[in-house]
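Consider the two complexes below, in which chain A is the common component and chain B and chain C are the respective partners.
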Partner chain A sequence: MPSTQVPPIAGSATDPPSIRPPIDDATIERVAPAQLRARLEALKGDGYAMLLDLGAVDYLQRKPRFDVVYHLLKLRPTKAGVAEVGSPARIRVLCGVADGERLPSVMDLWRSADWAEREVFDLFGIVFDGHADLRRIQMPYDWEGHPLRKDYPMRGPARERSPRPSFANKSNVVAGTPPSGRTLEALQEEIRRAREQ
Partner chain B sequence: MALSAGPGQFMLARLDDVARWAQSSSVWPLTMGLACCAIEMMTVTSSEYDIARLGSEVFRSSPRQADLMIVSGRVAQKMGPVVKRLYDQMAEPKWVISMGACASSGGIFDNYAVIQGIDTIVPVDVYVPGCPPTPDGLLYAVNLIQQQIREGGRGGILARA
Partner chain C sequence: MPTPEIVTQKENTMVLSMGPQHPSTHGVLQIVLEIDSENVVTAEPEIGYLHTGIEKTAEGLFWTQAQTVMERMDYLAPSSNALCYALAVEKLLGITDRIPERAQTVRVLCMELTRIASHCVWLGTHGIDLGAISVFFYCFDLRENILDLQEATGGARMHPNYVRIGGLNGDLPVGQLEKLDALIEKFPGRMRELRGLLQANPIFQDRTIDVGVLTPEAAIQWNVTGPSLRASGVAYDVRKAFPYCGYETYEFDVPTRDEGDAYARFLVRLDEMEQSMRIIEQARKRLDKPGPVMIDDPKIALPPKETIALSMEALIHHFKLISEGFRVPPGDVYQSIESPRGELGYYIVSNGENRPYRVRTRPPSLYNLQALKGIAPGNLIADLVVMIGSLDPVFGEVDR
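Up next, the complex of A and B:
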């Protein structure tokens, strides 16, 4: 059943509702980390043979901090009558994860989880137990910090200390003069003088 | 001075000038198309703009065979050491064009993931502004490189600083 509301954590007042209109007819459900592995295994057994993507969201002011989202796809059988063939069924499984909490890896269920979990680890710092090779995938291997967390400086930790060049502070903007250094009156004066000579 | 056809004619020139003329007339670029600017670099090889008429007949894939590195596109933190390594592998004399805003200064990507200008890792001879620059801009940059080769600075068979 399509839903525009991301199901909130039970009892959490700061859970933000999703403001996006439904872009697909995905069923959205929320699962606790303890039941995550069992639920995904059940879904795989039910025919959800494709893990489209695995992502995470950082809600800085909420406990638990992160939401890990699994996008699953169930393809319709190809050898079927006309009535059975339809669009694939989609399901989105959300799992609230606290900062420092580890999730079980689903690499053995779907191979596409391999790099997707590496990406979530690289950018958010969520560790997946049971992953064969959990290392960074987008940032250099020895990078420190997890860039997509909301408290990570956008320009990078080294450059956050240096001031960003701001055109509002340039001397000509502050003084109200044009960048060429000549005001309109001065330019008109120049033209007038050139015409007279 | 009339050049008449006949045996016994010869011309005198300085070796340095001949070497510089030869080098500037056949600047072979190294393919370092990293992002969107690479599309404009590809356009420059098309018949409308035609970099081949300036001497860049082929874009070499191997740094050993190229003398100009056109860094076109944003350079990620992971790609920086690769660009530096390929620059080191090019044989002297070599030149670098920093094509586009991202290669020159990081462009619109003022963030953790993009190197803010390749002149932090390799020495650059010509910067081309634009996002992306028109192919004319890149042709002008190659012209400037040829001018630098012919008229001084680095390059020439007796290369000096």
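Up next, the complex of A and C:
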């Protein structure tokens, strides 16, 4: 099972801030959702022309529940040699988001945010306001749930509901009953009775 | 050639789906095209056909087990994903400085060999897309030599799982350096042949020059990295900007071009293969000196096989590492390397347990492929194939 214990991350919203100093060379910054858009605009104006990555983490029991993580790279959008590029500054902007809370889209600042935001929406269910085309990207369009959430079962809800896939029930097995003859409900009932004893 | 008035005219367009089963899309890519006769008005790539939930799977595996699934992302350059993940976990463990020097050298060697192998697949398939079938055989012959070397190190052709957290699976096998010497000797002649087949070929030039032009501004706006960014004139290479595994001690150039078209991306990748060989030659010289290839820490590295039957501690360590793995101190880290396709990054969060809490990949192919939306409109459908090929996406990595 995936571990659900909440990690004490340096700089996180509710945990003591100085558990461990940051260990990579990026500058780390935490921004509230209301200030996110203004801060990212300021960073873009400051020369962070590349949105290196946009991802999210689900800290199930923490409040706010999610972290949306922006990695920016200070790279000038002009032709440049190795010496001019040098070692560009990297910044990581973390933004705590509660379940159901919306974030402003940055698609108009960096066009590469398009697919990245769609992926965060698809796999975590975080909605980005102002995104032109926010629909699922990795999962099928009719999929239910957001798989990278920590409360999403590892094997998917379909497997949780029935011990056999639906196509197996249609052939030579009586529809709805797995070959063992024991339905999930019967199994759960058995487990419940065993626990009570 | 791009004709802006066609892009704005919306009445006579038709929607056409290209893929997901199309031989020139290099995997399961579907592109929903809005076309006006032969001209592309909009192109919307649809991905996710190969989504296997690798990031979710990794959350349920030990730190070492997760590395195995990481290798399955970019199946043309598996060692690069394994290395980037290992470097990130090593940073979290705080053991980056304690990795033996020989392990670092062999890692560089593996990285550059996979870069050449990956570019061979790209060049061969790109040639086939454009009708130059024979290039494919020359490329795959060279790649096969490299896969032989990979197979000798890890036991598998495609996914050797040779790079491990803390070092390597084992030292290079007997006879490996001789095989490597033979490859180093063969390489320049093979490169001359590859260049001779395509570089001055008028048909190839006609199909690639001025096709899919990415300006530096557009490339950075679309978050394009790797050879595709360098073909637009920006010499951003993670090996130079944020060196890892001692890349700062190797002498190599970062090839760039100014045109930003498909032909420039082709030339940059060819130059890169030669630069990779330069690094391999330097690494080869350092490998004569024997040394350890795994960190000397029984809490992370498996004990040598022969000690397990003799030493109680070794047996206990082996049992603990296999049955529950090691724990990684809490924290988050972003680590990136230069994979054959661009900046490959891992953002890893640990909560102090024996399994990763979250592994976020920054796949270079995903962002590079997304740029297709920007460069396809206004071009011909036939050129779309050239553009996809020149961006070199790998769908194991795009969809994960």
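Convention: the second predicted complex is superposed on the first by the 126 of 197 C-alpha atoms of A that agree within 3 Å, B and C clash if a C-alpha of one lies under 4 Å from a C-alpha of the other, contacts with A are read in each partner's own complex, and residues count from 1 in each chain.
Quick note on the criterion: a contact is a pair of C-beta atoms (placed from the backbone, for glycine too) under 8 Å apart; a residue touches a chain by one contact, two chains touch by 3 or more.
Note that the structure is predicted; figures quoted are calculated from it, not measured.
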Is A:L75 touching anything from chain B or chain C once the two structures are fitted on A? First, second, both or neither. second
With the two structures laid over each other on chain A, which partner does A:V93 touch: chain B (first), chain C (second), both, or neither? neither
After lining up the shared chain so the two structures overlap, which partner does A:P153 touch, if you call chain B first and chain C second: first, second, both or neither? first
Chain C versus chain B, contacts on chain A by residue: C
Would you check which partner chain A:M139 touches, where first means chain B only, second means chain C only, and both and neither mean what they say? both
Can you give me the overlap between the chain B contact set and the chain C contact set on chain A? 138-140, 147, 152, 154
Within the complex, chain B is touched by chain A residues 138-140, 143, 147, 152-157, 159, 164
Give every residue of chain B touching chain A within the complex, in rising order. 77-78, 110-113, 116
Flag every residue of chain C that touches chain A in the complex, lowest number first. 47-48, 51, 53, 55-56, 59-60, 91-92, 94, 216-217, 219-223, 232-237, 240-242, 254, 256, 258, 329-335, 343, 345, 347, 349-353, 355, 357-358, 360, 362, 366-367, 370, 373-374, 399-400
What part of chain A is in contact with chain C in the complex they form? 1-3, 5-10, 19-20, 22-26, 49-53, 55-58, 69, 71, 75, 77-82, 84-88, 90, 92, 110-112, 114-115, 136-140, 147-148, 152, 154
